[in-house]
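Take a look at these structures.
You will see two complexes here that share subunit A, one where it goes with subunit B and one where it goes with subunit C.
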Partner chain A sequence: MTALAHRRRARRLATAAALVFAILWGLPLLWTLSSSFEGSTTPGSRLLPSDPTLANWEMLVDPGGRAVNIFIAFFNSTVVAVVSTVLALLVCSMAGYALAKLPFRGNAAVLGLLLATMLIPGEVVLVPLFQQFRELGLLNTYGALALPHIVSLLGVVLVRQFIVNLPPDLIDAARSDGANAWQIYRYVVVPLIRPALTTLGILVFLGSWNDFLWPLISTSSPSMQTLPLALVTFRSAYGDVDYGVVMASAALAITPPLLVFLFAQRFIIAGISNTGLKG
Partner chain B sequence: MSVLSSRIPLAGGRARAANQANEPPRPRSWQAAVFLAPFGVLFLFLWAVPVVRGFYLSLTDVNVAEGTGGFVGLANYADLFGDGDFRAALGHTVLFVVLNVPVLVAAGLILALVLNRDLSGRNLLRAAFVGPYLLPGAAVALIWTLVLDPVDGSLNSVLEAVGLPAQQWLTEPGQAMGAVVLLTLWWRVGFPLLILLAALQDIPKQLYEAARIDGASRWQQFRYVTLPGIAPVLGLVVLLRLIDSFKVFEQVYLLTQGGPSGSTRVVLQMLYETGFRDFRTGYAAAIGWLLALIILVVTIVHQVVSRRSVKS
Partner chain C sequence: MLPTHQRPPNTPSTHPPRTLTRRSILALGAGSAAALAGCSSPFDDTTRGGGRVLEFTTFYTGPDGALMQTIVDRYNSSQDDVVVRFTAPAYGGDYLTKILTASLAGAPPAILALHSYEIPPLRRFLHTIDFNDLGFSQDDFVDGTWQLATIDGRQYGVTMSTGPAALGYNRALFEKAGLDPDRPPTTGAEFVAAAQALKKSGPWGFIRETGTFNPWLTLNWQAGGDLIDAGSRALFAEPPGIQAGQFERDLVHRYHVEPAQLAGPQLGALFRNQKVGMVFTFPWVLSQLLKTNAQQGTQLDVAPLPQFFGGPRSVVATSHIYCIPKQRKNDAWIQAEAQKFIAWLVREGSVDWAGAQAPASRAAAAAIARSNDPVVRKMALFIDEAKHARFAPYAYRWNQAFQYLNDALDDVVYQGADVAAELRRAAARATESMREPK
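Showing the complex of A and B:
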């Protein structure tokens, strides 16, 4: 009995300690949310706004001719993230399927090339990539913002691995029934690899939504800014004057990733735990 | 028809060939080409060509703004070794790596060990630590600028509440890097936490039971069961954090702009400013390649060391 009671107490203690840290971890986000409803202009660390108001959010919605329109940036970020995600899923799953199931000479070489390229940090290609987009006149376009996110090397490897591990019977059965490669891909493989595609889709969406350096390099026009860039412009415009508005803009930028997390936690946890992805 | 050829096991063919004899007709290779084409074209345009061009650019003194420049051989690399700015930036980056990697991995391991226990509300706790990992660095930096504000910031309020002196944080050269490491810990700890938690859960429970029957203490269980069980994953986490930390940029750039007085300017910030503010394209490309080379060397050293420690 005493041993059991002892263990229970230890468990309660560990839970309490973890809870304290978890709350500490959540505090900056709570402050952000609370400050976005703060009417008083003096910054401070209150858990609840001292003078609650919707004015900060209204200012984001209706910029009234101010230089920075956060909602245009929000729209840009959404377009780029959604387009990148949809195209990455299509392009990477097709390539992964080919590498897993369609025999061709050089299969191993292609896979080796992909794995070798994964060792090269993307920062190496920043300068030449900028050059290429510049030569094609694609700077300041959605194309420039989205394209680099579509080619997910890890995505192809992930999808290929998932398809290789599928039981071969289903695909063989479809092939015996006379299904061609496209039909097998579309009606057999894609439905079976949904978990892998969900993980990849979330990764590409977040990668695109959160990206800072590439939009910073590939856009110069304010109307093409994505949300992370607009946050910076916004802060230098209002940071000293109206801190509630700045926090509202930060709250706006973190809401979509947190929503994704809320609804797809299982996939995100599995994605990071199993593949060690994307740091 | 390929149907025929695939049904005939080649002389000296492997066992695989025998299995293939029972398989239905196999698709032809042009189909593979069609399925690979969209990715292949993008891969060429966004990876293969830029990697080669980047290396060529690093051998030139091209300036895009002025449209000048030509081949200079390895001069950029030679210049970089003597460039005080680059050496300072590399020093700050290495300092960040040396502070950030142990802090992040140790914190991730401790949190994983705690969350691996039978706690109430474990998923909620885990979510609190993983949530920040998914957020844009620009928003995180913005939030932390206010958290770290010396006068009104919440961190100083907390310090004062528990009787510790308020700090300057971002305006104090000695503290700014510490503040960056603190932010990075908050932002990124979910990653080592999740991977290590998964590794901990993969250790068979029977090993702990056996150790307990043998009278092993908690520390001995950790030392002889837990640690060997997660060692390969721990090594991987360290490597991934090393690589990522060498590429540190946005949180530093947005939190301190490299200051105060240049004390937190890192390699990638120098690359950005050289290439996209001063438009010294060739020099910036060389910085990119040198950074990649450093990361490659670190990866190789890590592999050699971890292989050797597996043997011993």
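Showing the complex of A and C:
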């Protein structure tokens, strides 16, 4: 067999194996979606609903007082995720630029401190974070839900590494044209770090969308619940009665992050691999 | 010179570039932060309580939560002093994480619901309660309930309700199997006979909930056993524990009245779909059972648990105790209002609450038995069983310890593993995990 034929055969085998894994990974998602339209209460593992109905999805809007309207939780999650993402892009890119290109005393120490702080698990700072927001009067507000995601240490480091790898000539040229730091950041750096910003945006969006623990601790009214919290109440309210409703709520919750990841996964991989350890 | 596409736009080289000053950036940031901080959900109508909002946080994540909300709404409309905001954000470990975080920060909910075994580790965050301040005495509560929140002679909460187990059974399946639906089993032998008759006619005789120790625990107590001793040594492998484990194992592997593996995930769904004749059930399921009867024409009913062995009459139960945590700010006012609310709940809310749980208030029992609401009326059975109720204990790292028991029972019941060996191993591991550091 020629080398070309070998390569073709290997590619076909790899594609077949990937297809098998894709089907295995996708089956639970397909089953979730199918079960969300299942009207029969007889437990089963069918891929196609035996008694198709939209009633489960209607129950999401009016759960009869047993859980929060899932679309309210969807709205809350959307607000938090979008605001977190937009502000995180602004804050982290500015911080990354300052660390990469603005000389100031203690630059290296600040970077080292950021890296060291990334090792601290989030659970360790839950109590002081709660205290801080309590003193600021921000508990049970969108501010409490969004602010912890806006300052992303990983995001600052990611952007900083990306900017460090930019050709210094561009920035030098802008400086000699009379551009100040803000103009260099706004007109030179930002257009060049779009891949890193895309990656950061996706990571912050997914992180804030999927966050369960902090919204659980910082909210105290059902109408401020985010989707992960609402899913828990749906599971408790309907898990032993009607799992079709539970599947409908799960299908709604996983759709936005799944779509974000499906369309943007190459940016995530490219962005993380581009940070490297250079500079 | 910069390439054209990288030059600042609309900035001819003869004009000085427009700059964003530091002051305007700071103003923009401060304005955004202020706007964000002030925003609450447009759907939230309870955050503007004028600062007089009492948070009432519970673990009622099921249909009992909807019922408690209606009771709280009634309290809010009966007075103007405070607004009570009821939430049921989570259950189990997540719920305790929320409570503990807020308590450590000095800003816990004004009133929170706890199980009896959760009070000992959290008592340093809780106010002690004097029944006289609430206008109660110990005699106002069903025997054995008010003591659930007592530690070293101090009262840390008020027992609102308990959740004793009962036998859920299907009257129609009983009739089909030739059994008298008005005479559900009252002994272990009658239970096995009924399960065998049911299995012969089609459905399973009995199904237990997987991953729990609830059927075993009742059996163990009824055989004269216990869970742990005073020194936190696990007693799973004592003779009563082995007798209880063997009974559970026999239901699957000797009498074949219980499946060795569940085909579907949900015990409740199997019972409602008439795939099984008997289950262990609890008060919070009662409304759903009666709703299923009304909607699907089934005849699901409840009865006292049989007395399986010759030991003391015992029924496993949960407990719902309302506690008042300590606050760093406004503590005195919050404590006073919380006491008023709890007192009102017990006096005025117990009858309604019988739609979901077995109230501990003795005064409500008569009204419950006379109620026009069939769920409330049926709850009288659970209230009666409450006097035999026994509760899971508190022990250091009990959450870890009982997992060993659950795993052992799953192996015994579903895999047919040796009862004594499994329980001895589980007891050894549990005892080790409950050993407190010196």
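The working rule: the second predicted complex is superposed on the first by the 239 of 279 C-alpha atoms of A that agree within 3 Å, B and C clash if a C-alpha of one lies under 4 Å from a C-alpha of the other, contacts with A are read in each partner's own complex, and residues count from 1 in each chain.
As a working rule, contacts are C-beta pairs under 8 Å (C-beta built on N, C-alpha and C of every residue); 3 or more make two chains touch, one makes a residue touch a chain.
What you see is a predicted model, and the numbers here were worked out from it, not measured in a lab.
**Q** For the overlay on subunit A, clash or fit between subunit B and subunit C?
**A** Superposition check on subunit A flags a clash between subunit B and subunit C.
**Q** Could you say whether A:Phe205 touches subunit B, subunit C, both of them, or neither, answering first, second, both or neither?
**A** Touch status of A:Phe205: no partner.
**Q** Report for A:Ile217: first if it touches subunit B alone, second if subunit C alone, otherwise both or neither.
**A** both
**Q** Which partner does A:Asn76 contact after superposing on A: first (subunit B), second (subunit C), both, neither?
**A** Only subunit C is touched by A:Asn76; subunit B is not.
**Q** Contact-wise, after the overlay, does A:Phe162 reach subunit B, subunit C, both or neither (first, second, both, neither)?
**A** neither
**Q** Look at A:Val188 in the shared chain and tell me whether it touches subunit B only, subunit C only, both, or neither; answer first, second, both or neither.
**A** A:Val188 sits against subunit C, while subunit B stays out of touch.
**Q** Scan A:Val232 for contacts with subunit B and subunit C and give back first, second, both or neither.
**A** both
**Q** Contacts for A:Gly143 in the overlay, against subunit B (first) and subunit C (second): which applies, first, second, both or neither?
**A** Touch partner of A:Gly143: subunit C, not subunit B.
**Q** Determine, under the contact definition given at the top, whether A:Phe37 touches first (subunit B), second (subunit C), both, or neither.
**A** Neither: A:Phe37 stays clear of subunit B and subunit C.
**Q** What's your read, subunit B or subunit C touching more residues of subunit A?
**A** After superposition, B is the partner touching more of subunit A.
**Q** Once chain A of both complexes is superposed, is A:Ala179 in touch with subunit B (first), subunit C (second), both, or neither?
**A** second
**Q** Any idea which of 130-138, 220-228, 400-408 or 418-426 of subunit C is the one running into subunit B?
**A** Stretch flagged for C-alpha clashes with subunit B: 400-408.
**Q** Which subunit A residues are contacted by subunit C in one complex and by subunit B in the other?
**A** In the superposed arrangement, which is not itself an observed complex, subunit A uses residues 42-44, 126-128, 130-131, 134, 147, 176, 180, 212-213, 216-217, 229, 232, 239, 243 for both subunit B and subunit C.
**Q** Okay, in this complex, where on subunit C does subunit A touch?
**A** 1-2, 6-9, 17, 19-20, 25, 32-33, 36-41, 43-47, 55, 57, 61-63, 65-66, 69-70, 85, 87-91, 94, 97-98, 101-102, 104-107, 109, 263-270, 272-273, 285, 288
**Q** Over in the complex, which subunit B residues touch subunit A? Could you list them?
**A** 23-27, 29, 31-36, 38-40, 42-43, 45-51, 53-54, 57, 64, 111, 114-115, 117-121, 123-139, 142-147, 149, 152-154, 157-158, 186, 188, 190-191, 194-195, 197-198, 236-237, 240-241, 243-244, 246-247, 249-250, 254, 268, 271-272, 275-276, 281, 284-285, 288-289, 291-292, 295-296, 299
**Q** Which residues of subunit A touch subunit B in the complex?
**A** 11, 14-15, 17-19, 21-23, 25-29, 31-32, 35, 42-45, 90-92, 94-95, 97-99, 101-105, 107, 110, 117, 119-121, 123-132, 134, 147-148, 150-151, 153, 156, 172, 175-176, 180-181, 185, 206, 209-210, 212-213, 216-217, 227-229, 231-232, 235, 239, 243, 246-247, 249-250, 253-254, 257-258, 260-261, 265, 268-269, 272-274, 276, 279
**Q** Show me the residue ranges of subunit A that touch subunit C in the complex, using the header's touch definition.
**A** 41-44, 64-66, 72, 75-76, 83, 87, 126-128, 130-131, 134, 136-143, 146-147, 170, 173-174, 176-180, 182-183, 186-188, 191, 212-213, 216-217, 219-225, 229, 232-233, 236-237, 239-241, 243
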